[in-house]
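The chains carry the letters A, B, C and D, assigned in the order they are written, with residues numbered from 1 in each.
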């Protein structure tokens, strides 16, 4: 491969290209092909964006038709027919069946921006400043969302203090068992020096943080405390939502009732950028028109592909298949872990986000490299990158899934042998 | 028009749709057509995104070909052939001819994110916290960039203090004449209680702030002070760049040498989201790989259309035409102002960003409404929205430009008559 | 009494005069006399300042002699013979017997200033910003020390956000049992989003906070965690120190080894203002000369009376008597509580700081008023002022102590009868 | 001299003792005597505290009488006869003759605390956060007042960001000429990104900052802008007040009407600590009882000596003499400067605060050392300590004043010869 142009002219900040040192030329469903013709199974799926695969054919057709018809590709937040189709379809497929009356808010098409908007709204709605965020949480890179992100490596690059966040341990993290109860006790104590927060911002499954799965009970505990103290309950579903865990939302079926839900990544279907928050009407009413603007709020291509994506959720077989594939991934990981009892590997995940915690960042790095050489794209996450996270497209063919899991096991063996 | 779906399910924050109460169905170059078939001349161009018109035919063809060939639409910051083409072409068309050796950094595809990244880098590179930003400046909506944005309406919705910014008057703003000199004097005074900042963040032409045009001399004064005190000189060229003012950059030909340039909006050509900073190599070297990540950093569709957009800048006639059209816009505005000497209207602008400052927000609002009814889309900006800004596509046909200016004059007359 | 002058010309902020509506004219040991000749037993002792009684005769003689000899009353931090005497005597009586080699630092003569200096030094010594402070803690009123103070009433009057403090529940407060262990676990977790603090700032007995007594074990747990994570362990001994709890320090005999100890209140002996921190040499070395200045750092009168005060601590009988009187206070309070089993009153304290937690601020207020009318000065503290704190001079005669306790029981009965 | 005790046990932060390396044993009016019997003329007067000389005999008598009568030395903010005397006398001597109806507020007895209280009150009264403070200003060492202090050396030791201050150049500082006008213009500009502050905090004569004298016009400009934008106008008169400049207040006769005046230093007369703010009634009304507490708010000894001090201001001859002595000091400094035309020395000051700006900190340091050896105590101030400030007691005998000025000239000559 020839990376000269990148090495000469692209910023030293470029990152994933260092994990996958090749130049990709085309992609289809769960496979990418580099310019030398080598094919890779993609178990990373654009960091959780490509739930419906690369170049999903239904979406591709719709996009080409839209372009040929001179659809409105860029519309700020004016009304377009395409946007109306998306909103109506989202209402019909997602909100209505769940009895949700949340309002859809579009903002600059990044997850970070969705989180920033949610934080603003929570502060406006409550008149409070602090927002509770959790250890191992990942919420974005701009100053507001970065303050909520736990990872020290990202935080240190802010260059300014990151304020207005109260940090608590996530359920599965050290100190996490009693943290909510202790915090609740302190909030009820009038001389604790702690004031109730504007919101609790939580991921039901922490993806970047190491595939940490919160229990239904704990999420209810957080939601109950939020509502007891007049704070909002916000679920960041940017990576775990849009079908990834086997429901449209990662918290489907838990009986939760979040005030704000942040969505992005998979929402645009095709990798086309879009971000959207779902705000309860009484919370949403605190917005003034134009209070949080953004040039790329209305992306025609994202609406078109995103509308097609919603069709998957009217097909009962689809989520059943996601759960089945997820089980297959989990079984395989558990079998791998069982074969290596002395390594202390842990398997975690939900639906088609499954992970192997190797407890060893350097080892996981070697696994990723061995996998890449063998033709499998995976991305380590969690503390020191020690967790191997598998998030293939939900649409991955069975045999590609099997082949990828084989390659993974091979890479684990190769990396273990090198120990 | 039927806005029921939007009114029922979209957030109350929606804004531009209130200025343009219709549902757009298609668009081509400088025209949008609503679902009732009414055609509008677009002098707003997606808030400065659509420099090459809606559905630019060259880009449309390239996008369709890319889709049909299963190009890599979403790639994070891995290497793709499409991204390489864009970088190489940008280097060839923009950087090399100017003798610039800046590195290209891609981030989440919003201007706000570009500014956040620039602020982080300036703080990392200098180890300082404060960044000088200017009155009337607009830099984005996320907490870091919003701190640099001057507009009080946007700031009040932050819900938290906006810190780490030192505010100075812009050259053309009240207090602006002596501000840089006074600030320089204070920085040279060891007991002033002021420490040198990390950076000066400035727009050469403030677009949202009311089309305020900085002089070459003043920009040099800012740059010189930045370099004297070891701070970076950052130009936010998100709205004024990519040809808008008659050069690729808004500061072309001024002999300036910014350490960081932020770009977004027009860069993707087709309205496809992208943001990119140009960092001097010695500044860029302060980044660590992955220090400022973002899911949608590598947008295949944006690279494809953006590469086509660069072709315009190898055609000598193109920028000459931009300047000629800009002059026509300016002449017309000056003639309108001259016809209404008692109104105290001011004409300002550069290239194809021209504006009429009416000094009256309520009046400008009426002009915008009258224009909309007549079939012209314009967007007020500046304090209280009193400035009528004209930013049609650079590719607008001559007769559409003339027709639009006629409609504008009509709207001004109608709004004046209503006074 | 005639309070016209005060009501006409003193600020509305005046507070204690509202609890004790009379004009005091003279005072001696545990008694104050108002201008109408009414005598009051003083169980408040200037909020813990007058450990050696009003107008302690030994100190009075020394002060008069000092004045008559033209001693240096005001010296900033120049050397004076009087200051040397104090330092040498403090070293001899307090530090040397305990094997402590702390350096004595003098600052503006308020406890708040002592805490501000300790916080600065902790931040300088560690290069970190956050300081852990505890619920119910009281540390002062200036912005730095107020940030550490837990009481919401005081905090709300700051008018600015109070930053750079991490708040944990105190051992005896809701959530206090597991808080240190959970916090320790989070600090050990590299992705918790929490960074180690500069210091832990704690009172061994929280006086203003409601007479909450920390256990030796818990204080060691805090100290151990501080040292594990490279933070300083600071004990604020401003109200509980200087003999109050039966040792010179409130933590005497616990085997603790604080890096900084803050002292003020009782240190000047006579009510003459002084504040002093004890800094471990290796910590103290981070100061530069003059880094934390203050006009009234060297108070001759305070050194003179404070030197006399130290004599009490070379008399073995003195502290034994303090403990005996403290036990008498406690026995009486417990007997009172036992007589009123349905009230749920709790007795807490150590040495001659004993308290009755009535769990009812309005009731405690009535007790204070009834006591005042009967000729006893007491001061409620804790959440909503529900805790009746008894801190008579350590030198109070036995019969005054007994008489005061009788008056207290009478006031409790009177207030109960009014229920 | 034997400094062993200090060197062994006092904190390394001790400062002035390094300028005056001896141990003082007694003091009377403008003279201090060390333990070796050497007498020093004191032109520093405890950093501006001892306006009435060391051991002022009238005050000494009053203090001894108070002690012998068992006066209430420590009273928090309860009413005492002594405090009533002080308040009534202050009202009679200072406020009434000037037609002022300010309320007297007592707080912890440091100037820093007075400033903290003033800042809190300004923020409470306006609901705003930022306070304008000026380059070269000195306001104290605790986090709130330190944020207002300009000196970088002091600021760097805070260890945390110092926020909520807007810094402007002082009239005489670089950039000072146009700063108020420019700032006013920006505040009037609705899109400047600057919001009106809670207060302007200014010294009419900056003492620590280098004896910078503001003009009456400029102070009015500041006051007018404050009132135009709904901010408070606060004069910090801690060092320049209480007679120092020839009026009771440093701004007497200027027609100013400050909302808050901070006082401390000279107010207690004898070097006995006290601090007091004068708040306009409508401003003062924003306080709640006890909102800003402090153990040492009610200092009997300070009230007694401070009441005696007020007698000086009913004696017309006193201030006339202060002005005459001040003129003598100034004449002498100007004559010295005139004799050394090549040095570029500047003479500045008002009343009995006069200074020679040598523009050379190392030189001023040598002057101070030579003066000390010759038996004269002076203190450099301003940037790099380059300004020699003379603030002898206002009660200094004529011949001591003359002798001290002779010693100063000798020290200047000695230091010049060493160049």
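As a working rule, a residue touches a chain if its C-beta (ideal position, glycine included) is under 8 Å from a C-beta of that chain, and two chains touch if they have at least 3 such contacts.
Being a predicted model, the structure only gives us computed values, none of them experimental.
Farthest chain from chain A (centres taken as the mean of C-alpha atoms): D.
Chain A and chain B carry the same sequence, and matching their CA atoms takes a turn of 180 degrees, rounded to a multiple of 5. Between chain A and chain B, the centres computed from C-alpha atoms are 30 Å apart.
Rounded to whole angstrom units, the spacing between the C-alpha centres of chain B and chain D is 51. If each chain is reduced to the centroid of its CA atoms, chain A and chain D end up 59 Å from each other.
Shared contact sites, meaning residues of chain A that touch two or more other chains, fall at 129, 161, 163.
Taken together, the chain A residues at the contact with chain B in this complex read 1, 3, 5-6, 8-18, 20-28, 32, 35, 46-50, 54-55, 60, 63-64, 67-81, 83-84, 87-88, 90-91, 95, 103-113, 116, 119-120, 122-124, 129, 141-145, 147, 154, 157-160, 163-164, 198, 264-265, 270-273, 277, 279, 284-285, 287-296, 299-301. Looking at the complex, you find that chain C touches chain A at residues 129, 133-137, 149-152, 155, 161, 163, 167, 169, 173-175, 178-179, 181-186, 188-195, 209-210, 382-384.
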